[in-house]
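In the part that follows, the structures are each spelled out as structure tokens.
Next come two complexes built around subunit A: one with subunit B, the other with subunit C.
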Partner chain A sequence: MSESLPVGAAGKLAPIRASVPNAAKVRWPCNWPWNWPWNWPWRWLAGAALIALAVVLPFALSNYHVFTLTQVMIYAIAVLGLNILTGYNGQISLGHGGFFAAGAYTAAILMHRYGVPYWATLPPAGLICFVLGVLFGLPALRFEGPYLALVTLAMAVAMPQLLKYFDTWTGGQQGIVLVKPLPPPGLGLDRDRWLYFFVLAVLLLAMRLAANLLNGRTGRALVAIRDHPIAAVAMGINTPRYKTLAFGASTLFTGVAGALAAIVVGFVAPESFSLFLSLSFLVGSAVGGIATIGGAIVGGFFIESVPNLANDVSDAAPWAIYGLAMLLFMYLMPRGLVGTLGPWFVHAMRKFRSARGAPK
Partner chain B sequence: MHQLLQQIFSGLAAGAIYASLALALVMIYRATNLVNFAQGEMAMFSTYIAWTLVNAGLPFWGAFLITLAVSFLGGMAIERIVIRPVENAPILAAVVVTIGLLLIFNSLAGWIYSYTLQEFPSPFPDRPLFGALMTTRDIGVIAVTLVVLAVLFCFFRFTTTGLAMRAAAQNPESARLCGIHVGRMLAIGWGLAAAIGAVAGIMVAPALFLDPNMMSGVLLYAFTGALIGGITSPVGAVIGGLIVGVTENLVGTYLIASQLKFTVALILIILVLLFRPNGLFGTAIVRRV
Partner chain C sequence: MTEIPLRPTIEVESRGAAPLLEIAGVTLRFGGIVALSDVSFTVGEGRIVGLIGPNGAGKTTLFNCLSRLYRPERGDIRFNGKSLRHAAAADIAAMGIGRTFQSPALFASMSVLDNVKVGAHPRGHNGPLRDAITLPQARREEREIDRRARAMLAFVGLEDAATRQAKSLAFGAQKRVELARALAAQPSLLLLDEPAGGLNHEEVAELGALIRSVRDRLGISILLVEHHMGLVMSLSDRVVVLNFGRVIADGPPDDVRGNAAVTEAYLGKRH
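Now for the complex of A and B:
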């Protein structure tokens, strides 16, 4: 596989690489869709078309569907956060539901107790989760693979208990009921659609930030640490710093998603942040495409809509259908939808362009 | 003092159950390098099979043995049918597959047997011993765990299949070159794990009552035990499970309310792993670069 070759050797190995079948040359994980081999206007036009679709869509759908799409986008932000940690840095976390809860409760407490406007709760929620993530990431430096996965799993399970225990702040079992924010006057949007656009804006910003973080020096360092920690150290990468940074950045995204969930749903309670939520994030990340940015949206769709679809298929055992869907997905596309189709698409585009004789 | 000893003994009995399930996790981890999240639900499903058999009029130990056999075959079938396709896939795909299994078993059990609590008979009478220091039931549970451990030890130490399984776990390529059928060994590992999990389920069901979500808490403690002991070490899993059982009982009685039980488990894991990142008995993995 070409991606396992050291960077400097790429030139010398050109004749060998030329003999490798084309499909093997497609680098994985790729940052699809950011590395589409398109000329820039096409890339921007495609992006603009997608965004235009996202803007028009809520006016063609019922309130219920708009709400569902908002949930999808919130999950997508959380899955994107998990992708930074698990996909790009290789640290498996089963505890992101805990950080999601921390973000949600930060926003809820700020709004409920201190009357902070809803949009102003996102930065503090992100900041608190960043600090929590860095604090959790420091001991996590010593844990590897299954150890880290299970420590974070224990955290996800402990979180609802802690939320119930500190009930003077969190409202205990009953949780906190929030007033749903009003849309700004003069826009002519109702509440659900305004929240949809609010979340969409945060999602786009989050994706842009993640792309900036991951498509440069930092992203390469994270991937190097994932693929070969010892070689990464030998190349002078400050492994502890990058691993902790990945943890913090990842929990920041997830915390913001949690705050958005609190704002949109208008209610937080310990039982909403069960272990199952953490597992769902991981499932979404794997189904969408680990180590891809676009995959987060697919993951959001999966964890929001497939349980509902499963309910339609079978009333008796909906979760069995959901589980089967997960198994099938992993058999057919072990690298997730975007992780499997993305490289294929890139390959197809290259072939198409070289057939036209365009420069690569 | 009396109360302290009493708490320690009942902690050991609970710990013995965690230890069995932790042992099952370690079996699978050693064989396939995979943490099996469905282990608890597999054990729960086995317990339902035992429950059906007992209700059909079979004597307890007869039902117990049949359940172990069925679980063993079921475990092998799961490895062959469900796990094999993702053997070479990214690790996350395998993790997702075990989470999918967890959901499937939980949902199927709820569908077939409903979500209501069921009583499960205990094979041991519940009589106090040594001035109420412990009960015969506790002794029975601990004894069963020790027997399972002894049987496993003898199997791995003295049988050819056991030796082959150890070889397959340690170095699959070399084992294959020696003519060991590695795939079959992995399947046997899953079968054994399912059978050990069935023992844990059957032992815990009289205390917790039987329902599809019975094992979720037990599984977490089993994870904790396996981590503390070192996820590669069977002895470590048993000792870790016992430590977790005793700590949980003592902390719950003397220090803080039981509503923070899982938080205690979390703190315990982090404390132990901070000082021994591979657990108490685990071996550090040395990599050749």
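Now for the complex of A and C:
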């Protein structure tokens, strides 16, 4: 790599007044990506503490709650996929439930008909959903905003009936009942807790991969297309290529989540993948923070637990409670929990550190 | 990673044999309106060429032909001897033509630094897979892009604003970020669309120094569309005047200033 840049040379320029400081008061330093004001050891420590908590938690909870948490993580992976597309690239999808179903059925058919071990079904499920997503993303290039939402809606409404139609493969209305996988011997874990850890590992991997993707050259291109498509083209970004890629990457994650759902629940049927599932993903995405990675976990919690909580609050009108929760969330935190609190936290940390005289 | 090394300071006088950019007989119509009619001129290497003309004269239209947002009906645009007719809009930056927009077209939600990094997109090679699993070479490229982007921010005097959100900057600063973003692609020709528009007197003077240093220190040729006459006349080696889609004058600033057709285009005919 040659030393070709005028590093330092630029410093010898005639002084140019930067008209920046105090020019505009902004509350948040940046909403994407937040520049965490932590040095590496602290970030690692915070991450390690969270992971340690996730590892210890299942031993303190009942089987039912462990199962619920596993579901939360599965939804989190699906929402993470949707965030890549809708949050970072600005393409709305109402059809991700369909891709979730495609992933679930891929895993179920591979396990049921071909005896493929459960863990080996994830890569093919992801791959098939990637291809489906790319195929779907190509015509989607012609649509934007609400029109794209309608096109993707087609995926969500068509999927359950397609699954019923191809019943030699999918088992039709009855679906496919799967044998729940056994935990590896010698670990001393029961089935639910083993699956919890399995899904946790996939979630952590998915978040890591998504973060790498979105923080790199690809992620910048995706956000550039969302923020200013014309300028993005002028910067040499091949817009159709990246938009299609965003679709494929997004559905890959969602498809893997679907495969995990099939494995963990041990049963797939067309009715589990209704239009409401697609809408739930969008709700989860918005509640957690549409262009965030951590927000996917909040979204997973919302999708899994709020309907149950609403049921506890009112037997008569659980969906009214659900709607109220959604309204409150959007009113109080329009950018989602992570999208609102994250920058606030970063801001507070920075203030705290500069108050202590630490370098920025 | 292929490097286009930044050229050292070159004496302006010693350059300019073969034209870097050659616009030959470009014609473009929108419906019945002739936006550009047989426009021809060249930009030599290491030159600053001013492109002026009253509103609606076709300056921005020509820019959009150069960045392939429009395709000329007739005529050809050659850059480094290669025709742009069949290049896609997204290929222009990689070929070495950078541009800024009339009103700042920054990626509003991104940090200033990331905006400039997007500018380096055509010089990068990291694909989605390489990004996702972060191979060592991906990391190396990211470090290099980071270094370049910071150097370009320093060049326009905004290194302190790196972590700020782009839309939070003042108008003048946003225009500088746009310049840094265009420079990050290491272009050999820079198209500036009214860089002084909306700037105050002081800022215009600074901008002039900055544009000159882009040419003198980075060796980048510049095609400058501008309404600010003082700026164009003081910076340009040559000035091209458009009116109703036609070139009505082309020459050194002093010649153009005294040209009767130009005065008429701007002030109207004397009665």
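Here is the rule we use: the second predicted complex is superposed on the first by the 325 of 360 C-alpha atoms of A that agree within 3 Å, B and C clash if a C-alpha of one lies under 4 Å from a C-alpha of the other, contacts with A are read in each partner's own complex, and residues count from 1 in each chain.
Heads up, the rule we're going with is that contacts are C-beta pairs under 8 Å (C-beta built on N, C-alpha and C of every residue); 3 or more make two chains touch, one makes a residue touch a chain.
Owing to the predicted nature of the structure, the values given are computational and were not obtained by experimental measurement.
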For this session: Check whether A:286 is in contact with subunit B, with subunit C, with both or with neither, and answer first, second, both or neither.
Result: first
Exercise. In the superposed arrangement, does A:237 touch subunit B (first), subunit C (second), both or neither?
Worked result: second
Exercise. Once the shared chain is lined up, is A:209 touching subunit B (first), subunit C (second), both, or neither of them?
Worked result: second
Exercise. Who does A:179 touch here: subunit B (first), subunit C (second), both, or neither?
Worked result: neither
Exercise. Of the two partner chains, subunit B (first) and subunit C (second), which one does A:157 touch, if any: first, second, both, or neither?
Worked result: first
For this session: Could you tell me if A:221 is touching subunit B, subunit C, both of them or neither one (first, second, both, neither)?
Result: second
Exercise. With the two structures laid over each other on chain A, which partner does A:249 touch: subunit B (first), subunit C (second), both, or neither?
Worked result: second
Seminar exercise, completed: Residues on subunit A touched by both subunit B and subunit C 230-231
Seminar exercise, completed: Per the touch rule above, subunit B residues touching subunit A in the complex are 29, 35, 37, 82, 85-86, 89-93, 95-97, 99-104, 106-108, 110-111, 216, 220, 223-224, 226-227, 231, 257, 259-263, 265-266, 269-270, 273-274, 277-279, 285, 287, 289
For this session: In the complex, go through subunit C and note every residue touching subunit A.
Result: 1, 3-6, 67, 69, 89-94, 99, 101, 105-111, 114, 117-119, 121-122, 124, 126-128, 130-134, 138, 140-142, 144-145, 147-148, 150-151, 154-158, 160-161, 163-165, 168-170, 172-173, 176, 181, 185, 202-203, 206, 209-210, 213, 217-218
Problem set entry | Residues of subunit A defined as touching subunit C within the complex | 1-2, 4-7, 9-11, 13-21, 23-24, 26, 28-33, 35, 209-210, 212-213, 215-221, 223-224, 226-228, 230-239, 245, 249, 291
Problem set entry | Interfacial residue positions of subunit A with respect to subunit B in the complex | 86, 92, 139, 142-147, 149-151, 153-155, 157-158, 161-162, 164-165, 230-231, 275, 279, 282-283, 285-287, 290, 316-327, 329-331, 334-335
